[in-house]
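Two complexes come next, and they have one chain in common, subunit A, joined by subunit B in the first and subunit C in the second.
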Partner chain A sequence: MRFTLALKNILKSKGRSLTTLLLSLFTTTLFIVYVAFMDGSHHQIIKSSVEIYTGYAHVNLKGYRDESDYGNLIEDASSIDEILRNDTSIKTYAPRFETYALLSGDEKSVGSMIVGIIPSKEEKLSKLASSLSKGEYLNDNDTNAIYIGIKLAERLKITIGSQIAMVGSSIDYSIAADIFTVKGIFKTGLFDFDAQSAFVNKSYLDSVILSDNKATYFTVDFQNNDHINKVTSALQAKLPSQYEAVGWDSLLSSLVQAMLVDSIFGYISISIFFLVIFFVVMIFSYVNIYTRTREIGLLRALGLTSKDIFIILFIEILLLATVAVSIGAIIGGVIAHHYELQPIVIDGIAEMYKDYGLVSDEVPMHFDLFTITWNALTIFILNLLAIVYPALKINKLTATEAMRYV
Partner chain B sequence: MKYLFFLLLFSLTLDANEAQNIIKKLEKNLRGDYMYGTMKMIVTSKRGQRTVKIESWSKGNDKSFIKILYPKKDKGITFLKLDTQMWQYIPKIERTIKIPSSMMLQSWMGSDFTNDDMVKESSFEEDYHTKLLSKRGNFATLELIPKEDAAVVWGKIIIDVDIKNAAPLKETFYDDRMKKVRILTFSKIEKHGSHTIPMIMELKPLDANKKKNSTKVIYEKIDFDTHIDASYFTKHALKRYSR
Partner chain C sequence: MYKIAKHLAWLSLWRRKSRSIMVILMIALSLSGLLAIQGLYDGMITHMINTTIRSDSGEISLYTKEYRLHKSLAYKLSPVSKIEEKLSKIKEIISHSVRLQQEGLIATAHKSLGANIKGISLEKERDFGNFDTFITQGDYSFGKHKKEALIGATLAKKLHLDIGSRVVFTAQDADAEINAISFRISGIFKTGNPALDEYTVFVSMEKISTFLNLKESATQIALRIQNTEQIKQVQKKLQTMLPELEILRWDELYPLLIQMQEMMQIFNLASYMIVFIVAALGIFGVMLVSVLERLREFSIMLAIGTPYKMVRNQILLEATFLGLIGFMVGALLGWIILLYMSTWGVDLRSFEAGLETFGLNAILIADIQYYYFVQAFFAVFFATLLSVIWPLRILKKIKAIQVIQGKML
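Our next item is the complex of A and B:
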């Protein structure tokens, strides 16, 4: 009987029901789209950082993450190479030798990260080759050729064919110096990376800084990078105890944390909006219920208890919220899915957020069923909560008071 | 009561003056108008031990010229420091390069000294407030806290001084969070002309990752009573005296 009464009430007051329904539907859709956009931009930033250079996992000597100096090198790179080569969960990998040196053009000198890479392997692991802006990418036979970030080239005031001096430290701490010719200039869009990085063929760099068969770390791309902790743990078990396999979430921990903080601020912003919506729904319900005071008084006079009245009002909002939130979740989900496949293009957003590592004006949304479900449930619960206060308030009136209510 | 207060204030002022005098004498003793020296630097790290032989010429505290004599791979590399700027010449590539400020905290020649240590001109007397912590016979311990406007990197320095010889025995450096970061010890005090100089100094970083690191500098020759030609303190000298 209570369910029938609630359903009749909904259908009888079409305007009131439709307004409640649209308000909840709009809120649900907005919340899902907002979160999908926020998560999408964060995923985009992290994906860029991982795929442009860092890679999905590193293998390095324990202690290297704390002190990235020559005291923590992989001294026998070939033994690690062999372990990685025989691991079927790994798609591709390569050793890198990162060092810090002084690069000097004709006019200016700049401290920079110099990395020895195997160009052919790196082409499959990172976006270095595809980020070529001018000149040519490196090849495995290059000697004094250097591939340099566009901002670094600008700082050094050099271009393709220019000669630059490198002064650094060999691994025996003697001075390592050589002259390199700029072969290519790259632009990844990662501002700091483009301003502070240069690459040379590892076999040649090894001869300059005496690092033959040594590496600072190996970068690894697994067959499946979705469960990075699981695959890095499996790899860790195969490595000698002094080495560690580190997943991208640890390698980019400061970026991951920055994204988390940004998400928290995002949720705080949207919570303020929800608070407003919650009170709008509550006030709307309050007014609605009070316009029905005489009707409720009549029901009480006919023998319905205050509990019955509360349940009827609750069933009304439950039905309306279920329909509104379900439709809102479907619309929000469809929008998120669509813009995940065909990202929104916001001209200039990459420039605005370059310090965060956003490298493209395309911002895809992130479609995730779990996120959509909890977003929808949040709105659903808010809707139910909005009815509690007005329902309790009206139930305090006696049948006589309610029937006399004007 | 008033008497006691004035007595206390008077004794504190005396302590500060005494500390200031000790630092003044120490700096005057360690710095000559000119100094020529040869030294051996032994750098110990996780990767082993390495010896570098150096010849140096300096004028006051703001001009110096350094030439690497050994190992063979580094022979002829020269460094010039003028005020707070530093250049180096590398014979292998025949280039003179100015060391930019971004590289100042990098290690100098693989040692535990940084480029900044080589060029800094900070004076204990001018840049720090000095306080006498203790004094026993000819030995004193001083606390140095940087003055508000001083361009120094340390939060505090504690110095043990041999007052008689106006020579440091140990310097303990603290960062701006008052964490102990490195200890410089001095030994083998010898008289050279009017100066009494510790001929050996050893720097030990206290970072947990650098437990095995140390840099020992041993003076082999030192001469304060010499005039050094001004040509050493020009950029042309880098290439000219490299050979």
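Our next item is the complex of A and C:
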């Protein structure tokens, strides 16, 4: 009977029911799309940073993250190589040797990051090879060939075939110097990375800076990178105690935190909208209930308890919210899914936000069922909360007071 | 007659206290939230603009036409004294800073990083943008013999440098020879400008001139202008006076900042629009019911000769009172929040690393502008007007006698 009464009430006040329904539907859709857009841009920024160069996890000497200098090198890279080779959870891995040196063209010198890589392995691990813009990518037999970022090449005023001098420091802190020939120029879109990085074949760099069988870290790509903390913990257990396996969320902690801050501001902004929606739904419920005060008084006089009245009102909002939130979630989900597959293109946004790691004008949404569910549930709960005050208020009236209410 | 309408509107408003309070609360809370967000976001952008102007660009910067593209000493400003002489003739310029910069490699005994070395005059930088207030550790000094340096906080952190640490900077001089210079760190600064905090070390102008084998030269001359309104006018004057140079305003040098500011304005406007369209719906709900439940009362008023205008005014005033009280409460609440946030700031030190990525301080200071409240007033005013259109249409269409007879309810 309570359900029938609630349903009848909804149908009787069509205008108000429809307004509440449409408001909740619109809010649910907006919230889901807003969060999907926000998460999408954040995921893209982080994914670019992870996949272009950093990698999903690193293995390094404990202390290297705090002091990334020659005092914290992996001294026996082959032993780590063996452990990683025998770990079936790892898809691919490679050692890197990162150092900084002064690169000089004919006219200009720039302090840059020089990285020794194994070109064939790196091809599977990062997007260095696929980011080739001019010339050729490195191969495992290259000697003094250098693969350089496009912005760095511009800063040094060099092109393919140009020679550049490197002056840096060997691992015994003696001066290391050599001449390299530019073999290839890459463009990843990561502004700082393209402006400061150059790569050479590790075996050759080892001979220049005396780093044979040494590495600053190993970069690792797991078979499944979804649960990075779990897989890095498993790997950690296999490593000697002086080494650590670090996941991408720790490697890019500043960036992850920046995205978190951006999300917090995003949620604060949209919360004002929720606040208004909450009040509007509450006002409509209140008005709706109070126009039925006499009717409610009559029901009370006929023997319905205040609990029954509360349940009837609750069922009304429950039905409306369920329909509105379900439809809103479906619409929002479909939009998020569509724009995840076919990202929105905002011309010039990558150039504008290049300093923040945006590499493409395409901004995909992020479709995630869990996020959509909690977004929808938030609106659903807001709707239910909006009925509490009006329902409690009407129940304060006695049956006689309610029937006399004008 | 207007007085009666006003009196009736006021009484009607409080006849249904709960729902009037609900509407007032809705307007007040959403308004104060919007004001707080607007002030906080504006404060963030203003802070970024201010620190950029104070620490680097000034309101206007002078470069040679090729310098910004090539960043090479071949495109230096020289002789500086002649340019300074011309600048002294423009009274709107209140201070200027001469800087000489070169890219290179900074190294400690254990680590090297790419960085910029910048020659400055500490006194001039203090006058220019109170640079001494950016010092977080050590002194604002190059030491007794001007042999020490100031370094950006992020760069110092990456190199594990403290006050007194020794570093070596290697770079190409004006004759394309590789030179190295050694100095101790006397101070660490944090400006919030990532280009300075992450990559820059400041030394005295005398020291860098010797190191780079250059005299009377600079790569940038930054200017502070008395009033914001004079910036474009001074820029034009300088363009005529020094046609061989590139004269750029701060917003031309850092277009991202101005784009962010514009985007924030659009965002604020859109937020106000969306929130108050929905709020109008809430006020509409209350006004509609308020009119519908008093149709009989209004019909009697109309039947005994009360002009429609007076009844309309009563409804309009009722909605206006709701809006106005909501606005006053919301503006007061918003102002208190903004006052707190602009005085004490919002402490987000636990997200410091993330905020630094955006060039923001860990303590965010909000802005308070007079126009926020004007903008908010109009938003509430339009929402209120919008909400009574439909109820008034209903009232206009009623046939008073039929309503009184109960035939049209």
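Following the convention adopted for this analysis, the second predicted complex is superposed on the first by the 363 of 406 C-alpha atoms of A that agree within 3 Å, B and C clash if a C-alpha of one lies under 4 Å from a C-alpha of the other, contacts with A are read in each partner's own complex, and residues count from 1 in each chain.
Convention: a residue touches a chain if its C-beta (ideal position, glycine included) is under 8 Å from a C-beta of that chain, and two chains touch if they have at least 3 such contacts.
Keep in mind that this is a model prediction, so the values were computed, not measured.
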Simultaneous placement of subunit C and subunit B on subunit A, clash or fit: clash
First (subunit B), second (subunit C), both or neither touched by A:Gly111: both
First, second, both or neither for A:Phe3, with subunit B first and subunit C second: neither
Which of subunit B and subunit C A:Arg155 touches, first, second, both or neither: second
First (subunit B), second (subunit C), both or neither touched by A:Tyr267: neither
Which of subunit B and subunit C A:Ser174 touches, first, second, both or neither: first
First (subunit B), second (subunit C), both or neither touched by A:Thr291: second
Touch count on subunit A, higher of subunit B and subunit C: C
Subunit B versus subunit C as contact partner of A:Trp374, first or second or both or neither: neither
Which of subunit B and subunit C A:Gly63 touches, first, second, both or neither: first
Colliding region between subunit B and subunit C, picked from 202-210, 238-246 or 292-300 after the shared-chain fit: 202-210
On subunit A, the residue positions that both subunit B and subunit C contact, one per complex: 67, 70-71, 100, 102, 104, 108-111, 167, 169, 173
For the subunit C and subunit A complex, residues of the former touching the latter: 16, 18-19, 22-23, 25-26, 29-30, 33-34, 37, 41, 70-72, 74, 103-115, 160, 170-172, 176, 178, 194, 256, 259, 267, 271, 274-275, 278-279, 281-282, 285-286, 289, 293, 348, 351, 353-358
Subunit A residues touching subunit B - in the complex, by the definition given at the top: 63, 66-67, 70-72, 100, 102, 104, 108-111, 165, 167, 169-175, 177-179
Subunit B residues touching subunit A - in the complex, by the definition given at the top: 43, 45-47, 50, 71, 73-74, 77, 88, 90, 92-93, 95, 97-100, 102-103, 106-107, 109-111, 207, 209-210, 212
Subunit A residues touching subunit C - in the complex, by the definition given at the top: 16, 19, 23, 67-71, 99-102, 104, 106-113, 155, 157, 167-169, 173, 196, 253-262, 264-265, 268-269, 271-273, 275-277, 279-280, 282-284, 286-287, 290-291, 352-353, 355-356, 393
